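Here's the structure, in structure tokens; my notes come after.
As written, the chain order gives the labels A, B, C and D, with residue 1 at the start of each chain.
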Amino acid sequence: MIVAMQGAASEQDIHAVIERMVELGFDVHRTTGAQQTILAGVGTPGHFDVAEFKVLSGVFDAYRISSPYKLAGRSFRPEGTKITFPNGVVVGGEEVVVMAGPCSVESKDQILLSAQQVAAAGAKFLRGGAFKPRSSPYSFQGMGLEGLKLLREVADQTNLLVITEVMEISQIELMLPYIDCFQVGARNMQNFNLLRELGYIRKPVLMKRGIAATIEEVLLSAEYILSGGNYDLMLCERGIRTYETYTRNTMDISAIPVLKKLTHLPVFGDPSHGVGIRDLVPPMALASVAAGADGLLMEMHPNPDKAMSDGAQSLFPAQLEKLMAQLRQLAPVVGRHIA
Amino acid sequence: MIVAMQGAASEQDIHAVIERMVELGFDVHRTTGAQQTILAGVGTPGHFDVAEFKVLSGVFDAYRISSPYKLAGRSFRPEGTKITFPNGVVVGGEEVVVMAGPCSVESKDQILLSAQQVAAAGAKFLRGGAFKPRSSPYSFQGMGLEGLKLLREVADQTNLLVITEVMEISQIELMLPYIDCFQVGARNMQNFNLLRELGYIRKPVLMKRGIAATIEEVLLSAEYILSGGNYDLMLCERGIRTYETYTRNTMDISAIPVLKKLTHLPVFGDPSHGVGIRDLVPPMALASVAAGADGLLMEMHPNPDKAMSDGAQSLFPAQLEKLMAQLRQLAPVVGRHIA
Amino acid sequence: MIVAMQGAASEQDIHAVIERMVELGFDVHRTTGAQQTILAGVGTPGHFDVAEFKVLSGVFDAYRISSPYKLAGRSFRPEGTKITFPNGVVVGGEEVVVMAGPCSVESKDQILLSAQQVAAAGAKFLRGGAFKPRSSPYSFQGMGLEGLKLLREVADQTNLLVITEVMEISQIELMLPYIDCFQVGARNMQNFNLLRELGYIRKPVLMKRGIAATIEEVLLSAEYILSGGNYDLMLCERGIRTYETYTRNTMDISAIPVLKKLTHLPVFGDPSHGVGIRDLVPPMALASVAAGADGLLMEMHPNPDKAMSDGAQSLFPAQLEKLMAQLRQLAPVVGRHIA
Amino acid sequence: MIVAMQGAASEQDIHAVIERMVELGFDVHRTTGAQQTILAGVGTPGHFDVAEFKVLSGVFDAYRISSPYKLAGRSFRPEGTKITFPNGVVVGGEEVVVMAGPCSVESKDQILLSAQQVAAAGAKFLRGGAFKPRSSPYSFQGMGLEGLKLLREVADQTNLLVITEVMEISQIELMLPYIDCFQVGARNMQNFNLLRELGYIRKPVLMKRGIAATIEEVLLSAEYILSGGNYDLMLCERGIRTYETYTRNTMDISAIPVLKKLTHLPVFGDPSHGVGIRDLVPPMALASVAAGADGLLMEMHPNPDKAMSDGAQSLFPAQLEKLMAQLRQLAPVVGRHIA
């Protein structure tokens, strides 16, 4: 940590800061300039809060000079993380992996047809929500356990993997037998108790960025899961909230190359939630892969106009097929491929 | 719902929209202007999603013309909600009610001293966190059940009420015997399963606005709790995330009068999280009450420089005392008082 | 315009709204539902402000049902705008056009070398600032007229076109003889007097999105220029201000396909200002073109570490060259090419 | 400046950074820790850009450790700036000074009646726009010079001072004879050429915060005016753009106490633009003064429903009168008064 004192700070102010730094376990190096004094704290104390120093008397500002996350940092595994799934699909390698399917499992017919279309287009995962607590208490809330079973059944028939969202600790065990990957939604990115439990299991997790989460906060949340011992973690940019309301969210495409630089974890893009408007999904999917995404998570529905949720942002099956063809052409430009 | 068609929309487009509206249960009134056609849907269908209509062919835009929340709306209880607590304290009446205390319960001595100082200053509730999942897995995580017992014990000694944060459904029953009011934190404002459960109990709840929640989303979340039958609900503005980083968040003081207009529920301000810097808390507390807040939630610590969390935004005891004196003078300007 | 009345609105409220609508020139169609009354205003009055209706007694909400811009709208010229430059370069056609160069013209040597490198990489425009009012009054402020002359001279030697920023009405005439395209910076996107003057000249303009401008505001500003008769206008996404501070701005890649849908004007991406960090520029440039951009505006400097401004976001010459090779491969995926 | 190196930085990286720091004029103090190396640059070089250092090889982060503004800083004039106007009104002293009037000067009758109502309510300045470039080219654009003359005439009749917005350098001389204070609007807060010119005149200026400006940027813009020698400068919070759209902007009340701490310049609040909805103006005006504002700038119109601009946010005359009575009661709570 570094503390820069104000030019007008008194010796007493400076000593109070030094004392507090030493108390936390820092060795303090002092540089006394003509304009101001700088205190560099070296060593490895446990947790500390730079905000605490910013409000001390005579302090100009205080800076943390190392990442607050360790296991999630690129340097922990410079070669990058690869996750191998049961049917041999590898995430984080050369292949760009596509996950697609409806927002919610609505019926056996709907999810079977979805799976067939997703598989035909060349995607590797079937997505679909079984538990859907919605922002209005009066909306459709999902099929629950029955939905999980349907996901597994149709995925097996179509040789797809299953990813679905987990919303509570109590659902983890319930879901385990039916799925290949847990999805942590944007609203749960800072549900630290849930993250901790997901660290203790041995099944891959894809964690979405919260709607107002900074990149640093994404990595701190990743650290929760990693620190439990579960290293099969993927991150996903899915749009942040800004002042622009034409799109449902503002998809921060730059978060993809930034995360690729800061962490070894695979990074996905979710253009469906990123923009919320069907016709904008293909250009944003292409942009995500052009910017370096390891995969895509997208909503597709056999009949989006009749979808029980998120219909406006779900692709028509023909749109997904056309997009996959473009992605196959695009991937090699950035040194990747799509099977 | 109203759907405004584009000038260039075809009769076929218009019919497709009408058909979908009728399917949802609307009676449709059509206005054919020289420039464009307008479709007004009247009646009371259940859930529908205007986004679905915005992407239909030929549609210029679609508008919901009634609130998506009913029980939370001002018109449901125009006179406003008053909540009476065990010791006779009333929230939502003429009195401005202050809740204060440390971020976390750290020890018996710390919380007892806090309670004495809070009571001496004239606040009515003691706040303090027992479960503290933090954004870093390496930070202090709270005293748990032991903390709850301490809160109750010292509150009883000082004639204060207890408010503390609930983070999971499983904590509700655990907390019930020890507390007077549940606090739902910003990160849980859209944890709909938790909200639903809090709707089924009969103990007051104070729900904070999420860091990126719109005012409409706050009211939709309130609806979850109210729809379970728990009407003893308070809302709390605690700062939203904006591009300005000088303060920890940007406290949206205008949300206070806006919420007072839109809902019958009491509205609090939390200047501690709103700004995150101790010396800015008093001016923002005064501003909150000037803007119409029914109460304040603030962090105070007997020794903020040694606090295990949120020290930088915790008031010194003497600051709280001085602030309470100013609040007592200010309240009558807006037709309120502080006991 | 549509006005949806509250359920509780009185007949008097409704009449007051109707009267005001008629006064503005609307024909009013009234739909009286069991729940609420809807007033549809048809016809073509001149300017009106929906906000005025939102605050009238008994009004639930009011909606504008047509675009506030006409000339900028896609339907004004569905086939899209193509701009042909003196040397035959066409913007808005099949070719993706790249503009590159240093932030500021610093010296003859620097700008000549820049032009040679930009031309060698295959870009068609040389960019460079001659007037540089900076956010600190103590920073380098540009070479002025001398800089303009240098731009023209080296561009002619390298067969490039010149684009440079205009900041004041008084600079327009000064710049006209030396440049091929005016650039309006983000800070001037709502300098309406400047926009109006640029509408009266007959030289192409590239207008950047303001740092906090909505897409609708971009198009309203475009309307200012178009309404003066200058149709050779290009728009440019260059990052908006959000809560994320890792990047200088958050580049809203989705604005590119949104603008392509809403307007006939060519749309550029400026990844240099969009992210502000050199190594993120190539992925964001690729993402821009993948999302449908008609061109790119980028900063490159022969020696970025010694640049007098924006060095941190300026590409090294070798980076530009490599990026151009990737762009040439990528463009055909989205039906474009780079010469 | 301080540069914190990454743990993995090489000696070569470190030397390259030191060399660049020395080149800029810094004396460099090196602290070599077990984990990482810290370079503290002391001395007073001219302009430099920390962003440049952040992208150098091996750098973890770089920090500016002094304010980029000098004249605007609190320490330049710790006692605060007081500005005395011709009729003896003092801004920045104990009195809270209110400026009110219509958005635009529309006619002699309208502005005279406005002035009478403003004066009767106890405000000290008449505001009113003469030049009104609007976001739509099809809206009312102001009365120009004729409007200026009317402002002066009616202000003299009612013993008020005149404040009006200047939008271009060419208007400065035109306005000088008629007004007492220039207003720089939010859109011009970074029009540095205009700011520089306003620094050369000797007439007070009130500068509004830009809609997406950080507090640091406000102070850098203030520096432009101060560095020209004009010290009679007031700042004004008027709402920033956030994701919340219920209000026109989000008024950042906390910016008032923050600015009071960081600068010696008087700070105003403009609740009319801050929220954009008439009935929210009084609570936000009270909140501004409670938070420490030196004055208020508000829109009032004799007949807001017929206003040619900003009617929805203009107070009725009776609202202004009632508000002034509340403000007179409130001011003493924070050690101020209203005459």
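Going forward, a residue touches a chain if its C-beta (ideal position, glycine included) is under 8 Å from a C-beta of that chain, and two chains touch if they have at least 3 such contacts.
Note that this is a predicted model, so its numbers are computed, not measured.
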Select the chain at the greatest separation from chain A, using centres from the mean of Cα atoms.
-> D
So which has more C-beta pairs touching, A-D or C-D?
-> C-D
Counting in whole Å, what is the centre-to-centre distance of chain B and chain D, each centre being its mean C-alpha position?
-> 31
Approximately how many whole Å separate the CA-defined centres of chain A and chain D?
-> 39
Whole-angstrom distance, CA centroid of chain C to CA centroid of chain D, is 27
Touching at least 2 other chains, the residues of chain D are 212, 241-243, 245, 279
Of all residues in chain C, those that touch chain B in their complex = 2, 4, 7-8, 27, 29, 31, 33-36, 38, 40, 42-44, 60-61, 63, 65-66, 75, 241-243, 245
Residue ranges of chain C in contact with chain A within the complex | 212, 214-216, 240, 242-247, 250-258, 261, 274-275, 279-280, 283-284, 286-292, 326, 329-330, 332-334
Chain B - residues contacting chain A, complex = 20, 46-47, 49, 51-52, 54-56, 68-69, 133-140, 167-169, 187-188, 190-193, 196, 210-212, 217, 220-221, 223-224, 227, 241, 248, 276-279, 305, 307, 309, 311-313
